[in-house]
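Here subunit A shows up in two complexes: once beside subunit B, once beside subunit C.
Presenting the complex of A and B:
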């Protein structure tokens, strides 16, 4: 009878709720000890700095939900960034055309991951570990490691550096992606099939769901989103170089896992990911504003991840212990 | 009396509100006072290294901290710890909202960081660069640690000091095409022709910036030119490479080794007497001068067009255009090399 908890208790003990509390606590803490932390300007900066990793984390959520992983997104960001620069500077394309070609490259690269994983049935970890090196290597080979694309028109840099209607210009892109993935994961039949695949791929296949096609779609989407992130990254920095987005795949995965998505698939939510991204971004900015060395951010992100996971597992463990105790008592009474 | 009372009330109100708004102080207010602040106000100066773990920049920080405490300023030293090229920008942008008075940056990505530095300037924060410059429009001054002429002349003068006036020497370079190496060689040759015309440069060998190649090239040089008196390595891996070759050939002291390099990787050879002199600049002085310059620019004491600048106990420095020159390179020898750790 105590397996049926009241609804409010479920909501209160949900991983996302705990994370939200942590996020608010972080904000209050840094606002108290940091200099100019809680200002509107800084809020905009936090948004701008977390946009690319946020986008990657959004696209990573369905991938991990199906029990997969995509380690290649950071490298693909680098490859797309320099190809975008090449399309614009060397092929003399106007910016919109160059952006469209970059998105096509992203989709194609995602397609490479998807077909290796679904057609050849190779493990996603191995496939994307391969393309992780491949995409970065390609970017370095194309630019010989030194070529840098810069001097983009200011109308393009606006996207990464300025404000539009008072909010960072890239925020609408992020919000658009957020709405799309939210719908995809929580309100479409696709989302339901992702969870089913994550729990039991074989069972899902017997249920008549085209597992291969559904899984392939998540990797193609991750490719396209990496390309979008590459364009925004280039606009924010005003330069594209082969080392763009180094290590971003791990930040994205950390945000997704921090947001409560199970690394084995099946469980997870887009709002959890959103909170995960925010918790990391606030931490990184807060550290600088509190005049603490920025390497603290890495340590604290790790601590936060472990803390949040423990906090969400703890209530379940306690209730399991209680159940076992009462079962023991029952057993004793019966004997 | 009434006036006194109202002014006291005003002062109290100001104190109260400034206390309340500690965290919400508009970022521009800190910066706008920076331009016309009175001397004596404590400034916040942010020093950005290329990467934080690099001992070279830690050494700069030492000098910078000394300058900041002499000036009574607050120094923030922070930089990237990983290889993400966007990190420098993010740190600078955080400093903008933090409301620092001046930023001094060593730029990893010239074009990329310039975006953030320009933004800082537009918010009224004074920006200078040191060690590695940004684009010229993104900063007021560049603290230039060494000019090619300074380096070339220092190397040649050092060589001449160690050898007889008619000695033969050879150069180990990174590659024959590298622009900076060619420029240094040009000034080495200029100094030799002008001041030491009887010394003879017998060979220039590239080592591809590799220590073992420098070693094998030096070994070959030693057997090809038995009367060689000095090896001059003008890329940092070349100095220990050449020293190792001379040491293994048993010619320590007979064939002198000098070069452009970092103290730590040469300490052992310097103490063994294989390498006589390592030439670079004094990184502590670089940090010291940078903070003094940042402070002076923020207080309005140093403006574009000035031709000299006095930095505390280090004295006066020459300004050429918008470059503040650190001056003559520094020579690390057996006597002073242990004071440096980078």
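Presenting the complex of A and C:
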């Protein structure tokens, strides 16, 4: 039945369009009631504060598209942050070298997730729950729970705290990641296979696509991106501690699901995720600028998530009710 | 024997750990700290029993930590208003059941994925509580701590209470039709429906059940200290899910039993104190728990 709908109606009713309207409404609302909300400075602030979660959400999108999930990204961010500090301070590496080693650690950790999930065919939820605990535990064990890395050179802190050509210095990293994941999910054959795997992994395998390798790649990418986010996080706060990125995995998943990606896989888009991240970030900043308690942002995010989900199943439920009604009517006519 | 391979192997691991402790650190077995450990673990055990049912029904609930905090604060406030203890307990269980029913309604009624629904309610309740209470502790009146008993008998009450709940629920899962319904729905909801089992109602009631158990656990936690911490229960969801999974409940639903969950939980809670007694730094606790979870699933994967 949906196929008979005109194309404009499909676009207009698409999840992403509705989310865009919500985002614009948020912006107008907070600009009207909040002090200094719509200024350029605040826009940069929003961008700066949402960069790490945005990166994690981007990497989470292909993972969830394949029907998987990665709970370990927040813990991995913590582990990478303190290893970065360790490489720099204790192993006396220059910053670029330390960053490269951190990325390697991220890829390796993502590889651990990937090989357990794809080689042994284990459920991603449980594997990443295990590594969630393992990575955070390693971070705590390495720092003995108290060690903090600070006094990074100002040339490094530039990445997190200064502006470059008028935009926050970490924005180019985020934009680069955005373009990469946009290309990966929407313009490459990989993206097609992610959706196919999300819909029917067995069917995809019969179609000749190396399901294991494709799925593994999404987890390795998530690991690498967690490492990048860890470096930016360290640069923004100027310190690395074992509790870095605590709870970030849930924010990232929230943003992805809010952006219209189905948690069962198969459906979703990178621009949806981008809108989801933006909607949460604008809400958080707006609440603060409207001088409301910051906890309200969290509550509204949760409510928004449930509303978005309900909105996505309502058309299906209504059409099912209609079908049942017409079937009943037919049955009545026949008797 | 083969059927219970998973439960037996976890029991084996636990026995090894306890034997190692008996040889290298007999101080672990001094009665008073062991009783405190058991009293603490009984709180998690009650929640883990509920979580096992949810996961057997092929759903998941990651909002238990937040529900736990809300129930704890509600119970504390009611107790501070000098309600009789029995009324506080009943009201808290009811509050938990209502919160669980909210999740259950969204999951069963609207057919939304439980992981996302409970993710949303987890954030909403936690932040809502923080907003209303601003992180204030609730001071409890006299006579609430340890149910007004001595510390030792209070701890024994908690441990025995949790074990009674475990046994009753394990018997229900094995011998009552309600328990078999949960296995049936978790194995295949559509087949269960065709067999005349109401899958939606079953899922709804499972969520109500875990809510009520969380309420009870909140009481069991409250009586152990003179104050209620509004941050209590943070991270509880993953700890409990870990115990359930290590205990052999399949995350894909329909498989597992509560004895396994009991042993899995014991294994995980013994790690922390064992590290202290074996003179290993306590910071390794989380890492080792992670390794235990991974080992449990890898063993399962290899056996297949």
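Observations on the model:
Definition applied: the second predicted complex is superposed on the first by the 308 of 335 C-alpha atoms of A that agree within 3 Å, B and C clash if a C-alpha of one lies under 4 Å from a C-alpha of the other, contacts with A are read in each partner's own complex, and residues count from 1 in each chain.
One rule holds in what follows: contacts are C-beta pairs under 8 Å (C-beta built on N, C-alpha and C of every residue); 3 or more make two chains touch, one makes a residue touch a chain.
Owing to the predicted nature of the structure, the values given are computational and were not obtained by experimental measurement.
Using the contact criterion defined above for the overlaid structures, shared-chain residue A:150 touches subunit B, although it does not reach subunit C.
Contact with subunit C, but none with subunit B, is seen for A:317 once the two complexes are overlaid on the shared chain.
Look at A:306: by the touch rule set out above, it reaches subunit C but stays clear of subunit B.
Look at A:264: by the touch rule set out above, it reaches subunit C but stays clear of subunit B.
Touch criterion met: A:293 reaches subunit B and subunit C at once. Contacts of A:120 after superposition on the shared chain: subunit C is touched, whereas subunit B is not. In the superposition on chain A, A:134 makes contact with subunit C only, not with subunit B. In the superposition on chain A, A:161 makes contact with subunit B only, not with subunit C.
Looking at subunit A, you'll find residues 293, 295, 298 touch subunit B in one structure and subunit C in the other. Those residues of subunit B that touch subunit A in the shared complex are 22-27, 30, 52, 76, 78-87, 89-91, 93-99, 109-112, 114-115, 119. Contact residues of subunit C toward subunit A in the complex are 60, 106, 110-113, 115-117, 119-124, 126-128, 130-131, 238, 241-242, 245, 251-252, 281, 283-291, 293-294, 297-298, 300-302, 304.
Looking at the complex, you find that subunit A touches subunit B at residues 31-32, 34-39, 41-42, 45, 48-49, 148, 150-151, 157, 161, 233, 236-239, 241, 243-248, 284-285, 288-289, 291, 293-295, 298. The touching residues of subunit A, when paired with subunit C in their complex, are 69, 71, 116, 120-123, 125-127, 129-138, 140-141, 143-145, 250, 253-254, 257, 263-264, 293, 295-299, 301-303, 305-306, 309-310, 313, 317.
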